[in-house]
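We just call them A, B, C, D and E in the order they show up, numbering each chain from 1.
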Amino acid sequence: MFEAVAFYLFAFLTIAMFYITVTTSQALYALTALAAGMIFISAFFFILGADFLGAVQIIVYTGAVMALYAFGMMFFDTTREVKEKQGNKFIVVGLATLAAVMVVAIFVAPIVSTNMTAFYPMVEGAGNTQEVGLVLFTKYLIPFEVAAVMLLVAMVAGIVLAGKKMDLSLTLMSAEQAKDIDDKDKKVLS
Amino acid sequence: MLDHILSILIFFPALAGVMGFMINKESMRAYGVSVAFIEFALSLWLWFAFDNNISGMQFMEHLPLIPSFGINYILGVDGISLFIIILAAFFTMIGIASLTDTKDVKNMIITLLFLQMTMIGVFSALDGIVFYVFWELSLVPMLYIIGAWGGPLRIYASVKFFLYTFAGSLVMLVGMLFMAYFFYQATGVWSFAILDWYRLILPESFQLWLFAAFFVGFAIKVPMFPFHTWLPYAHGQAPTIGSVILAAILLKMGTYAFIRFSLPLFPDASVYFMYPIAVISIIMIIYTAMVAYAQKDVKQVVAYSSVSHMGVIILGTFALNVEGISGSVFLMIAHGVVSGALFLLVGVIYDRRHTKLMSEFGGLAHVMPKYATIFGIMMMASVGMPLTINFVGEFLSLLGFYQQSHILTLLAGIAIVVGAIYMLSAYKKMFFGEVTKEENRNLPDVNKRELIALIPLVLITIWLGIYPKPVLGPINNSVESVVQLMHNKATSEEAKMRIPNVSGVVISKTATKEAH
Amino acid sequence: MEIGLNHYLVLSTILFAIGLVGIMRRKNLLLLFFATEILLNAVNIAFAAISHYYGDLTGQMFAFFVIAIAASELAVGLGLLIVWYKRHGNIDLDTMTSMRG
Amino acid sequence: MELYLYIALFAPLVSSMFSALFTNTPKKQFVGIVASLLIFTAFGSSTILLSHILGGGDIVHVEMMTWMATGNLYIPFGFVVDQVSVTMMMVVTLVSTIVHIYSIGYMDHDKGFNRFFAWLSAFVFSMMILVMSDNFAGLFIGWEGVGLCSWGLIGFWFHKEVATWAANEAFIMNRIADLAMLIGIFLVYWNTGSLQYDIAFPAMATLDPSTLTWMGIFLFIGAMGKSAQFPLHTWLADAMEGPTPVSALIHAATMVTAGVYLVIRSNELYDLIPNVGLFIASLGAFVALFAASMALVNRDMKRIIAYSTLSQLGYMFVAAGLGAYWVALFHLMAHAFFKALLFLGAGNVMHAMHDELDPFKMGGLYKKMKWTAIMMTIASIALAGIFPLAGFFSKDAILEAAFVEHHFIIYSVILFTAGLTAFYSFRLVAMIFHGEERYKLFGIDPHEAYKFMLVGMSPLLILAIIAGALKGTYFEMITGLLPNTEYHLHSELTYWIMTIGTQVFVALAIMYAYKKYAFSPVSVPDGTSKMENSFMYKLLLNQYYIPYAYEEYIVKPYNELSAALWKVDQNVVDASVDGIANIFYKTGENTRHMQSGNLSTMLKWMVAGTVALLSLAVVFGLAARYSGEIRTILSGLGV
Amino acid sequence: MLSPVNVSLESLNLITLAPMLIPIVGALLILVIDIIKGGLDKTLYVVLSILFLALDFGALLDAAGVFTKDGIVLGVFNVMLIDGLAILSQFIIVATSMLFIPLALTNKRFHEFSYPEFFALFLFMIAGFQFMVASDNLILIFVGLETASLALYTLIAMHNRDKSFEAAVKYFTMGALAAGFYSFGSMVFYALTGSIEINQIATILAANGYVDIGFVLVGVVFLLASFAFKLSIVPFHTWTPDVYEGSSAAMAGYMSIVPKIAAFVVAMRLFEFLIHSNVVWLEVVLYAFVVITMTAANMWALVQTDVKRMLAYSSISHAGFVMAAILIGTTQSNSALFLYWILFSFTNLGSFSMLWISRQKQLPGYQKTDHSFEKFSGMIKTSPMAAIVMAIFMLSLAGLPPFALFWGKIYMISSAVTSGYTVLALIMALNSAIAGYYYIKLIVYMFMKDPIESNIDNNGELYVANATTALKTIIGFAIIATIFAFLAIDPLLEFVTSFVYNSGY
């Protein structure tokens, strides 16, 4: 019973929050609603016994991601109302509703497939984090490492795009201009 | 060297073309003529070495290319292809020799040499894919020739030419892939070799579809009604040399392919489609002849006349007997010579007046008697005057088809009437009457260079008209084997009946000869 | 009332659809990125639920990696956003139409 | 003998090629002389061959070389000199020689002198091939060859619009007939297996009559074209635009008789199909009358003679059609002599009158051109069939044949025509040489032709007079090959009545012509007299409106249809090709805006694509899940 | 309690990991070098990248040897998968990358190449693609895909001009949506089978007899949508022309080959078993995709005014053409896919390189975009060699024999023919004819139009404005390979077929 109440409550809350996120014209509201939605989602994780995931959700999303977004928003000065020219709303809502309705139509049916053996079963007595750790560092070691590379890529990309001198474009400069820039750089370095 | 003479014939011009980039612009024409002459001499040597008594393939070459997919570099000539190869070599030579000062003569000659490679390749390939390679490749130099040196609508014309034929041949390619697949199914081995395919007897229902697929490719190339509309544009816009090669050789690819592929591969389908194709041919003959009559541009007249004559060739091919097919092969050569010459002749006047409208001329026989004479000879050849080259082919084609259908032959025979109508009226408009235009009064007659190109054509026209045997003999031998093959392969009763059993005929023929 | 897997799947679908609405509707690049986060989060709920109901950890793994991916995407996305903003002073999609046809 | 055969055959070719060498140079007298000599050589050889045949020698048959051989078909260049061909050779070479000689004078001032001889000799060569060939294909070579030369010679003065028009008309009209001839040849080949006369004809005996009938009809249609039989006759009158020697040689003596020659040559075929023969005879009789009627009122000297030629060809076909092949050939020969003479005489007159052709503008020329007048009068007498000139013997034989065969309608038609012939011939002679000297009104000073021309013409004159005497010898020779159908009337009396009656009838016609045109004043018709406004006169003057009908109902529609088809070619056939190409291009052009460049739209497309896939999936998934139920429902509905 | 885990090193089969590790190490090394001493010339990094790629290639050869000996190899807890598809696609990826990297040595200076990070990201990207193709675990595929994509977005943006940012943003945003689709699709399959490994999914689905066909289809829809995005299948293609236009020509050429082959391999793994299980829906949808993509892309390419954009649409069309292989799903068709893509790689890279060497910085008035058709007017007059090379590339793309792509094309059509897809074969063939038009259009401009005045004056300099020996070498290689491809088809075909066949496809 508790589970049901919690499910419906958080379901309502997440849906509401995300609805606000996609519809509000105030960027700040959107950001706040998104963060709230993320937190509510972590609640599902806890309900479902995925404690580790819940923790990660809160840390990564509400911590890191939201902080970054907030930073970005300050950068863009989005305290003003966001003006968006909307085309045919009917198409947007229609398509999304259609997608939802159709998927739901199929998802409401129970899965009748049998032999649903768990390949990486949860172990009695071990905490969720422990279990996750075990699987993560054996089976999913490689994806984990690749994810690390991915984060490195993201980092380098972020640095290159936001950090380096992208405002001066060698691509657009003629050879002479580029040479001047080089000379300046050399002076700075030397 | 004789073992590889076909490869040499194919790739010598290409190599020379590549080397041609190094030649100085002023010396280019001399270079082109010499290369083309060597090539022509080689082709004559091929003829000389050709054994007239063998009806099958000679000078075969076999080199694995993609053996796992059954694609091999196989070459060979028989009596059917031999003369078209020689004709291709000959016309390239004539064409280069008669080139009047064009811009970018270097590019032109290199392109022509490449074109020559593709032409000879098509006629000597014995592998479906190799054939297709050269077939397609021949479009490119022609595209360039029409598009770069043509008239005001040249780009439209060249692109139309390219795309139309390209689209058709792609359908043919699918047909070839099917053929190879059927061969694979039958034998477990992939093969695109035409001689392998000859051994395959297909059920009639398959034959019909495959025939149709090949037909699209060939018919556009020929070009058969109603796929012919690219041709007037191509000819109308092309420079003289382009029209000459196009009419003399490139169109023959389609008709040649009918004999090389459609007939022996699909004998039952050939019989099945004989009447429809004959009707199309007759439409080609009469309809285009009438359209030709309505033209105002003399080159268009010749262009439409080409379509009309191709109708006779197709008709002869689908006579499905030795007389008709031999006739159609001979007519291919004949039409090559005659229409090539006519286009050259149109080029002569175009060079002088930069117009091809017949209304601009009139009374040219007064100022350019030699020109008028040569034009007259070629015109008479074109309308099928006996003792000219065209007559032999036309006579045999019609004679052959007469065995299949009397009424249709009668209708097709209207060719000789309508042909005379448009040709004579065009000739009259251009050459007869008083000189009305002031510009025409002082036109120089044909010069030496033009004569060098035209005289051999006149001589061939008459020589082969009087004594076609050196050409007709080898053609006949090979055609007999094709017809025999068709007869043996035919499955339906009707096909067996329609396609004569040559081995029986041969005896009676020798008997006939003895009787004389 | 028992809450089954289907409930979670339906919830996930609804959230996903909301994300789609955002994706299609938002013309502000930043807010558009928000919508992409919603998409991924919606899927995560389903993964966790399946994992729970099947007693299998793979789902949680997937969700974990999805979070990682979402984070990396964010970094690159913001980088692009900043570069664009520096050049143009806005982040409106409708101004981003120099290439078309 | 083979050598003579080759000489006879190739001397004209050599002559032609020799002359052709000089086509682009100014007039060279020696070209004409050399050409004439070479043709004369051919004549000489023919004579030797004739004497060989006459002397009972074997038929000379040579096979020079293979022409076409493929499959079952074997066509050599084979030549045969037998009784029929040697007769033809004689006619051809003799008339040719004379015309060549004559032409030296006639074409004296023409700058195309050399070219003329090239064409003329080429014609002789073609004609020789035609008559000497031993197979149908060779015949066809000559057949087309004479057509070509006729084209070149009719249009010899190519600066004249009418001349070139007439040349083309002749060529094209002949081509129509040639098509039928070609079909006939195909029929022969596929039914007998050969085109050689000596194989094909014997093989025909075993064929079924309907095939033979078709064969006969098609070959005869071919003959109709060359011999200008109705309805393919209009070209002959128009062909008179050519130089007069050409008319004499080609359009009177030789080429036009090729059709007759073909029928004679194919006698074995036509003997098997008497119905076709009767048709030929009937058509011949009709043409005889038809052409003669047009000659009655015509105002063009050459055209009158041309119509008379046409009429005489009708006679020949009557004979040939009735199976009297030797009579036809005999008339052909006799006709060649006097008609060539008539034409050459007309040429002299034309020269004298500076190319004036209207006899109404002449008159009284006898004083100026005595020899010409004599020759033309004698030729006319021969044409009219007055005893003892050539025409009498040949024409009389035809009449007899028709009578004996009991084809009385044909008989009466050609008898009546004989009267008409006499009338128009002498109408012409009278108007030209007698009566007032009307030419003076036009300021022309006529003069007699060169002497050598007249001398050249004299053999024809002699032959026109004496040819009848050769009938016996000829008959003996020719029946070696052709069926020996001698026509004897049952009673001597009938014969005499007929002969004398005919002679009287003809003589009356001549006298009427003289009375009307020589002894009473002739006024130049100006369209006012009552006769000129009569329906019949107009009908005849306009050649029964047949040329008009051809122009209106064949030529014009052909032009219009051609133009229309060209439009169809461009606007339907080509346009549909371009249309298909344009469909792709236009679709691309119209849908490229789908790529608006707006990211939002792009995302919408992605979602839309997914939704589309989803809806397909749902439909399919539901269908799969409830397939059982659906099937039940469908079966309940009886589907 | 959890028991300790014992893993032996041999069971990990680290050889399966070697090819991916090498570029990662290389990338790290480049980053480190840059940190130690900045401002080094790009040539260093180019050569280093090539060396590492060569090592990578060597490792691949090694892996190929293992595969031919032992068959399919699983490694590192069965996450890594070395089979024929993985090896073939990695060969293509690495080889194309080796061809691409020297294109950085341009005559003119471009922004991205001045950063060592460019080369590091490039190598990371290659590693990402390699992971993507060498696994059947949906997680690793996803992570690999994202690694590669994120790097790619950055590489595009680093060209540093308005259009390239726009391109990167568009690509990125749509990529994010596609990632959402991908995860959703994976989720559905996970819900169905409890597994995220493709072969297990296949086994379980087959065992259950596809009872939950609705679920399966939803999963397929989303996965298909995400891969359709990667493969630029209409209507998921909209990013392609814009991104190609926005990025440098060299990068556009690269993008038309490498990401797509990676996506094709995954698509093949994912959809092949469904096709073979007679999921009719998928067959219908793929059929529609193939036909629509080929035809529509061709029609749009017809109306382009910029060569690069035209080539973008043309590569969409080629992707649609190759997609047919997945639809047909026989060994022959899958081999044809690889054969085609190998041949396509150097042809297409060659043609984009031709654009690359003619890249100008300042556009003259008659040119609205970098490579508008007008730019190539009368090229034959001013720089004939370049024109002929370009023409041959175009003819090869059009499928004109005997140039490279023709052979791929006939093998592909033949595979359709042998599987009874006659109509498809015809559509494929006729689409080549439509495609012929726009390739010919460029040839028309180059060979048949008159050159623009300024180009005559500077003697066609602009067509080789950006050329260096390195670029010319690459083009030289590409053109020789394109012309003489027919000599290599037979061994290539045997090689590809045996690899595909032994992987069970």
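Note that contacts are C-beta pairs under 8 Å (C-beta built on N, C-alpha and C of every residue); 3 or more make two chains touch, one makes a residue touch a chain.
As the structure is a computational prediction, the values presented were derived from the model and not from experiment.
*Asks:* Starting at chain A, what is the smallest number of hops through touching chains needed to reach chain C?
*Replies:* Minimum step count, chain A to chain C: 1.
*Asks:* Quickly list, by label, the chains bordering both chain B and chain E.
*Replies:* Where chain B and chain E share a partner, that partner set is D.
*Asks:* Could you say which chain's mean Cα position falls nearest to the mean Cα position of the entire protein shown?
*Replies:* B
*Asks:* Higher C-beta contact count, A-D or D-E?
*Replies:* Contact tally favours D-E.
*Asks:* State, to the nearest whole Å, the distance from the C-alpha centre of chain D to the C-alpha centre of chain E.
*Replies:* 76
*Asks:* Distance between chain B and chain D based on Cα centroids, please, to the nearest Å.
*Replies:* Once rounded, the distance between the two centres reads 35 Å.
*Asks:* Averaged over CA atoms, how far is the centre of chain C from the centre of chain D? Could you give it in whole Å?
*Replies:* One centre to the other, that is 94 Å.
*Asks:* Would you kindly tell me how far, in whole Å, the mean C-alpha position of chain E lies from that of chain A?
*Replies:* The mean C-alpha positions of chain A and chain E differ by 28 Å.
*Asks:* Would you give the residues of chain A that are in contact with at least 2 other chains, written as numbers and ranges?
*Replies:* 91-92, 95-96, 99, 103, 106-107, 109, 111, 116, 118-119, 131, 139-140, 143, 147, 150, 153-154, 157, 160-161, 166, in rising order.
*Asks:* Quick check on chain B: which residues sit in contact with 2+ other chains?
*Replies:* 163
*Asks:* Hey, what residues on chain C touch two or more of the other chains?
*Replies:* 5, 9, 16, 19-20, 23-24, 26-27, 33, 54, 56, 58, 61, 65, 68-69, 72-73, 76, 79-81, 83, 87, 94, 96, 98-101
*Asks:* Using the contact rule from the top, write out all pairs of chains that touch.
*Replies:* A-C, A-D, A-E, B-D, B-E, C-D, C-E, D-E
*Asks:* Looking at the complex, which residues from chain E come into contact with chain A?
*Replies:* Going through chain E, the ones touching chain A are 1-2, 5, 7, 17, 24, 31, 38-39, 76-80, 108-112, 114-115, 117, 120-121, 124-125, 127-128, 131, 137, 139-140, 143-144, 146-147, 150-151, 153-154, 157-161, 164, 191-195, 200, 204-205, 207-208, 211-212, 214-215, 217-218, 361-362.
*Asks:* Name, in rising order, each residue of chain B that touches chain D in their complex.
*Replies:* Touch list, chain B to chain D: 160, 163-164, 225-230, 232, 287, 290-291, 293-295, 321-323, 326-327, 363, 365-366, 369-370, 373, 380, 383, 385-387, 391-392, 395-396, 398-400, 402-403, 406, 409-410, 413-414, 416-417, 420-421, 424-425, 428, 431-434, 466-469, 472-473, 475-476, 479-480, 502, 505, 508-509, 512-513, 515-516.
*Asks:* Note which residues of chain A are touching chain E in the complex, please.
*Replies:* Contact set of chain A toward chain E: 103, 106-107, 109, 111-119, 123, 125-126, 130-131, 134, 138-143, 146-147, 149-150, 152-154, 156-157, 159-161, 164, 166, 169-175, 178, 185, 189.
*Asks:* Considering the complex alone, what residue numbers of chain E touch chain B?
*Replies:* 380-381, 384, 395, 398, 400-402, 406-407, 410-411, 413-414, 417-418, 422, 425-426, 429-430, 432-433, 436-437, 440-441, 443-444, 447-449, 486, 489-490, 493-494, 497
*Asks:* Quick check: in the complex, which residue numbers of chain A touch chain C?
*Replies:* 1, 3-4, 7, 11, 14-15, 18-19, 21-23, 27, 30-31, 34, 37-38, 41, 44-45, 48-50, 52-53, 56-57, 60-61, 64-65, 68-69, 72-73, 75-76, 78, 82, 84-86, 89, 91-93, 95-97, 99-100, 103-104, 107-111, 116, 118-122, 128, 131-132, 135-136, 139-140, 143, 147, 150-151, 153-155, 157-158, 160-162, 166-167
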